[in-house]
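Structures follow.
What follows is a pair of complexes built around chain A, which joins chain B in one and chain C in the other.
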Partner chain A sequence: MTGTTSVLGQRFVRRDGPEKVTGEARYTADLAFTGLLHAKFVYAGRAHARIVAIDTTEAARMPGVHAVLTQADAPLVRYGMFVKDRTLFAHEVVRFEAEIVAAVAADTPERAAAAAAAVRVEYEDLPAVLDVDAALSPAAPVLHPDWLDYRTQDGVLRAPNDCGHMTSVKGDVDAGFAEAELQLTETYCSDMAHAVPIEPHAVVAQWQGEKVTIWTTSQVPFPARAGVAETLQIPQSNVRIVVPHLGGGFGGKCDFHFEAHVALLARATRRPVRLVFSRREEFLATDKVRHAARIELTTGVKRDGTITARRARLLLDSGAYCGDALFATEIGLMMVAGPYRVPNLYAEVHTVYTNRTPAGSVRAPGGPQTCWAVEQHTDELARLVGLDPLEFRRRNLVRAGDTGQTGQRFVSSSAQRCLDRAAELAGWPGTDLAEGEALGVAVGWWFSLSVPSGAYLKLNPDGTGTIITGAQENGSGSVMGLALLAAEELGMRPEAFSILYQDTDAGPFDIGSAGSQTTFNNGRAVMEAAREVREKLLALAAERLEIHQRDLELVDGSVRVKGAPTRSIPLAEIAAGAQLIGSGSGTPPPLPEHDLTGCGGRLGYSAFAAPSFFCHIARVRVDRETGVVSVPEVVAVHEFGRVLNPLGAQGQVEGGVIQSVGMALLEGSQYDGGHQLNPGLLGYKLVTAPDAPTVTVDFLDDAVDQGGPHGAKAVGEPPVVGTPAAIGNAIAAATGTRVRALPMNAERVWTALHRPSAGAVTAGGEA
Partner chain B sequence: MRYPLNVTVNGLRASADVEPHRSLLSVLREEIGLTGPKEGCDDSECGACMVLLDGEPVNACSYLALQTDGRAVTTVEGVAPADGLHPIQRELLAAGGVQCGFCTPGIVMSAKALLDRNPDCDEDDVRHALAGNLCRCTGYQKIIAAVLRAARQPEHGPADRP
Partner chain C sequence: MSRYFAPGNAAEAAELLRTTPGARVVAGGTDLVVAARGGKHPLPEVLVALHRVPELARVRETEAGIILGALTTHTWVERSGLVRSRWSALADAAAMIGSPATRSTGTIGGNLMNASPAMDLGSPLLVLDATVELRRTGGTRALTVAELLAGPGRTTAAPDELLSSVRIPAPVPGTGSAYIRLEHRRAMEIAIVGAAAALRFDSRGEIVAARLALTAAAPVCLRVPAAEAGLLGRRLDAEALAAAGRAAVAAVRPISDVRASADYRRAMTAVVVARALTLAARRAAAGSSVPGPDHPPTATGSVQ
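Moving on to the complex of A and B:
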């Protein structure tokens, strides 16, 4: 800390707030362009088919139509983050209902839509594969017959209809089961869910000469730039991605999406072209859904509740393409032991192709589903041995010195502390519960993503500062919070900084708003840039004040002599006469030591850097007549290391909890054949203000600094991981029956209550 | 076929020739140049397009522009006094009730309609007034708190009726 008072941990108003409350903030679809054309995609409308012929002649002749493009107009490049299995437009085959077959640009949205409807495509339907079990059966049609020819990232193990499988092994699982006195096998399934940012996708592309500028609703401008360059086969320096204000993402706007399609239309017409998705397209065509999952767990325990072994098998439905799905499978694999001591483990996970909307990294990919299944299973294990759910967890939670499923050694006992604090806040076991009410608990862990990042910082002649960063603001406030870190280094106010962000021609490379990584990585970069400026400032001031640098401090926008506050120079005075520029990249902290003996496949999250822990406790009320569940309160205790921006972190937890109440009770895509049945906000309901529970949030510190700026850890994703699990356990406690499918909607709760064996929760038994 | 539309928007008279199928939202955004109201669904489901029509909150996406002929529309751009922010806007900022901000214009309008009608509102009133506004970022907690705090302040911004 530089000044007399730290700005960290204080309330501050985000810089982009005022323009957002007045309506001045411009989002992608708000931008105006001279000569703008409107894009519309032609979708397959079927799950799996061979394209026999595409006829665009009639569409191209319609009034106001400037271009109709298909894969024949694009370079034949297969792309994909992990497996290069996909082309911009369908090439010979369509593999899900909203696969893009053609794209139209016309002078009005109505004319673009009419022309899109006039594109004639002849198909020969192929058998569709619609669930993970069917896809893995040896008799299943292979959705990517050329899969062996696809290029992949290093280490990706594949099979027909499986675009990435991995195993995680610890100890000797057979010996562990031999040691067990009881064992329990269960299967849990979750439906496909969606990110549902309130802003739908939008892209505008405009060429000038060889260079295209693309304004887009991306969470990941640099990967989007790489995708455009790769698929159009042009240099990255000819692609500039700008993200105006972004109206939320939650992972649904990660990866490279539709930027290249719009750029192609703009190149063909030499006019700016805009694409804006409808809400229906947002559900069907945004190939970035939360994986439907099937999770099989078998665990051995001793009668005193000690876990001795676990076998786990996860099948994640990747839909038609791999996309960035391996994030979800790799993370899901790392969640199967939970934050528990599981000395002997064998776990495998498969990323399965089906003819459904492709899945990807929705907020905490692989997390909520796996945590939900593992934590339902944990409560059932507690029941099996006759222990209170809290007591069972206390006996098995990892503490400082224990090792995780890949041998990572934990340095704190935060899981335990979160559990104790949440129990206290929630009044466990629930003394004032009404009829039909119960509490449910869930514990979990998450990682901080340690990756390179970069930023510049300059001081302006009036003593204010500007941060130029590659980081992307998705709404969470993490980029806005960078001003806190710069201010702390330079003894300035956070409000004194403007921020230039999400423009690939301005800031250094950053992976984007993904993996909750902005503060953790870009924060370090900004601090390093600020330190460079600080050194320059101090050197100049030392000269002017004729004193040694070490006797100076930066306080309240000035450099002053320690102990002699009247001897000072305002920063503006120094900045007016000098170039005060800094740059930083920060060194990503290494992963904790771990051991992958016996593991297989690409393990991108083989250990969790700066792991954080949480405990959520939900109070639910179940209406036994209707199966409707309401949630009056959720307690969410998180250990995030040091919380730099408490207001922002609380907002992340509250928002994450409410989002995942939706996942728990309401949100899931229903399918009929290859078609989503509820691609709209009437059929796919989100939690609204009247239904939103009260969220009680508390933060615990970590005694050990694990490499983030000032000891901070990732905040954005963990809040969505635990709530569905806590709600599920509360439903089981309230009803005496367990719902084994997510969302646990009224129909499923009612069915569980009325099945003949209701009350007999578990089929567990002697090992 | 286009028809003339004369409407008062944020206290100023606006006119445009519009086709009968055009929504109020598309005319506000494309013809009148006010992009504060957002399109999140075009189907009365999200509330991002909320404006006041003669003081009543309506989803502009689902209101035909020509139905507003001769009437008064207030959008988020018309809420703040010239020299600052409306209490709802100020409290949303202070409470941390704004994240991505895409829902915010609609939230401000629903909240304003409530406070104009019922400044004595309680938490339940606020929750119900916001029932048609989806926010995916904040979980509503800080928004509800902000609206309640704004309600306790004497001024509720400039008159928006002509």
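Moving on to the complex of A and C:
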């Protein structure tokens, strides 16, 4: 640290805030272009079928129509992050209702829609597979008959209708169960849920010569660029991706997808072309939903509550394609032991193809569902041995020195500390509870993603600075917060920095706003770039002041002599006469040592770098007659290493908790065969402001060496992981019955209370 | 291409409806435009907008009751001290519709004429014995709300008829009314089921007048005469509530959809009926009304 007062841990108002709240911020769909055409996709409208014929002649002849394209107009390239199982447009077969069969560009959105409706497609329907269990049966139709020919990332293990399976093995599970005095088997199921950013997907593409610029609502500009280059078979240097302000993503805008379709339309018409999704398309076609999951858990315990063994099986509904789903697969797998000492474990997870909307990385992929199931199970285990849920957890939670499910050794006991602090804040087991109210607790852990990133930093002649970064700002404020880290290195104010971001021709490679990684990795890159500038500044100043560098410090926008504050030079004076440019990439910390003996199919999330811990306690109120649940309060205690920007971290926790109240109680897609029944905000309900709980947030500091900047850990995703679990346990405590399906909507709560025989399977008792 | 008219008086509006085939009225547009954008119904060929017709926005209070112009907004109803004290069930309903923006834009005429089985004003107007005035070139006619509502999205009004006003008679002193809807979140919600009740008691605490109507439980909002008759001459005890609930459940024809199963809706019918009757009775006893706007709108009227 350089300055006398640190800017870290101080209240910091993000720079993009005012323009967003005043409506001046420009988003992708707001951009104006001369000669703009409008894109519209033609969707399959059926779950599974062979394409017999596509006739675009009538559509192409309609007024104002400039292009109608199908897979015949695109290179036949199969792409996919883990498994190359899909083409831009449907190739011979459609595998879910919103598979793109054709794309139209026309001079108005209405004409584009009319032409899209006029594309004639003849189909021969194929039997649809709509259920994960059915998909894994040997008799099931194979949804990708050529699956063996698909290329995959190294290490992916597959089977027919299973695009990625993995195992996690520790100790001797049979011996562990033999040691158990009691055991419990339960199954939990969660519905498909959506990211639902306010801003729908939008893409504009415009060519000049061989180069295309694409403005898009992507959370991952560099992977999007790679996807366009791969599918259109052009060099990455011919593709520039620019993301204007992004109106939220929540993972739903991860991965590459629609950019190439729009680029193709723009190339065919030599005009700029814009695609803007309707809310209905947001639900059906973005193919980036939170996996529906079926989670089977069997745990053996001793009568004193010690867990001796666990078996777990997770089935994730991947929908028609694999996408970026195998993140969710492995992270879900890493949640099955929870932050508990489970000495003997056998867990397997399958990523199952069905004829539904493809799933992928929605905020904390694989997290909330698995944490919910594991934490309901934990409360049931506590009940089985007659312990208070808190006491049962205390006896089993990991502490420093314990090993995780793949043998990684924990260096902190903050799982315990979070529990104790949350219990204190919530007044466990509950004080002043009203009629129908109860508390429920959930604990969990999450990872920090350690990957390469990069940034440049320069000082301007007036003494301000500019950060040029490859990182992407999805709304969480993490890119805005980079100014804090630069300011800290250079003794400047964070407000003195402008930031050029989310333009692939400007900043160095970054994987995008995914995996809560921006501050963790790009922050380190920015600090390294700032240090290079600092070295240059100090060298120049030392020369001018004729003093040794080590006697200088950077404070309040100037270089000054330590102990002689009057002997100083403003940064502007130095910057006006010299090039002060730095670059940085940081050094990603390695994964902790761990042991994968006996494990299969693992892809890199086999241990957690700089793991963080949390405990959420929810207070719920249940109306027993109707099953309606409200959540007056959630206490959320997180250990994020070191909190750099308290206002930003608090916002992430409050928002995450409120978002996951929706996941807990309201949000879920319903299906009729291969068709979503509620693809809109009328039938798919998010929480509204009046439903939002009071969120009591507290942070426990535990800065780590192998962490991000100044010992920080990942912040963006963990806040959504624990709340559904805490709410579920509170509902069970309030009603004396458990809802084993997510969302735990009013009808399900009511059914559990009044029609208990309709509930899901559970078996517990003597081992 | 749609054509659009914004007439300055009701006669002109009625004449446009008579002479222009395919013409439809638009008031706040919160049903019509939203349905068009959602792909449910295309926008009508010809739109006759009513917002420049001041006579349709007029509210008249008389000895006999109140006459609300068709353009009266939910916000007006929700904020009116008079409506809250005399026609509490209607104020309950108006206060829960959509969001503040929906309530300031949506109108009572639009709510009725859209004829959704889940419309929140339907059951309150049924238990308050409201009538509507339909106007066409050359004359007007009055219908009860029950006569107006024909089925989901259907009314008995002719295509050239305009709903000009809603007339609600003054309640007999001592009457209490309430509307309860089952909702799964606290704003921007559609009734899963709802019930409106109006009750009056004699000095011995026995019911001398009873009205009960249900929302979202059948193709139209409907009264439940069997439940009403069963309440007369009794105190509103647990048994009476249960009997009214049973009669209501016998009268409903709920559907299963994304919001709820028919089984759940049937069970919930008895719950909202009991709660609406209980609140109406409490108001009848206290001579009290819906609390003012400083109270959260869903606190009294909804089940949450």
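Structure notes:
Just so it is clear, the second predicted complex is superposed on the first by the 756 of 767 C-alpha atoms of A that agree within 3 Å, B and C clash if a C-alpha of one lies under 4 Å from a C-alpha of the other, contacts with A are read in each partner's own complex, and residues count from 1 in each chain.
The working rule: a residue touches a chain if its C-beta (ideal position, glycine included) is under 8 Å from a C-beta of that chain, and two chains touch if they have at least 3 such contacts.
In this text the structure is predicted, and so the values were computed from the model without any measurement.
Touching more residues of chain A than its counterpart among chain B and chain C is B. Judged by the touch definition given at the top, the superposed model places A:27 against chain B, while chain C stays out of reach. In the superposed model, A:183 lies in contact with neither chain B nor chain C.
By the touch criterion stated above, A:670 is placed in contact with chain C alone, chain B being left untouched.
Of the two partner chains placed by the overlay, only chain C lies in contact with A:750; chain B stays clear of it. Once the two complexes are laid over each other on the shared chain, residue contacts for A:412 go to neither chain B nor chain C.
In the superposition on chain A, contact is made by A:248 with chain B only, not with chain C. Of the two partner chains placed by superposition, only chain C is touched by A:626; chain B is not.
Shared-chain residue A:376: touches no atom of chain B or chain C. In the superposition on chain A, A:517 makes contact with neither chain B nor chain C. Taken together, the two structures place residues 680, 682, 688-690 of chain A in contact with chain B in one case and with chain C in the other.
Taken in their complex, chain B has these residues touching chain A: 29, 34-43, 45-46, 48, 75-77, 79-80, 85, 89, 92-94, 96, 98-105, 108, 126-128, 130-144. The residues of chain A lying in touch with chain B in their complex are 13-14, 16-18, 20-27, 29-30, 196-200, 245-248, 250, 276, 278-279, 474-477, 647-648, 650-651, 654-659, 680-682, 686, 688-690, 692, 694-695. Interface residues of chain C, counted against chain A in their complex, comprise 38-39, 99, 182-190, 258-261, 264, 267-268, 271, 296, 298, 303-304.
Those residues of chain A that touch chain C in the complex are listed here as 280, 623, 625-626, 628, 630, 665-666, 670, 677-678, 680, 682-683, 685, 687-691, 745-747, 750-751, 754.
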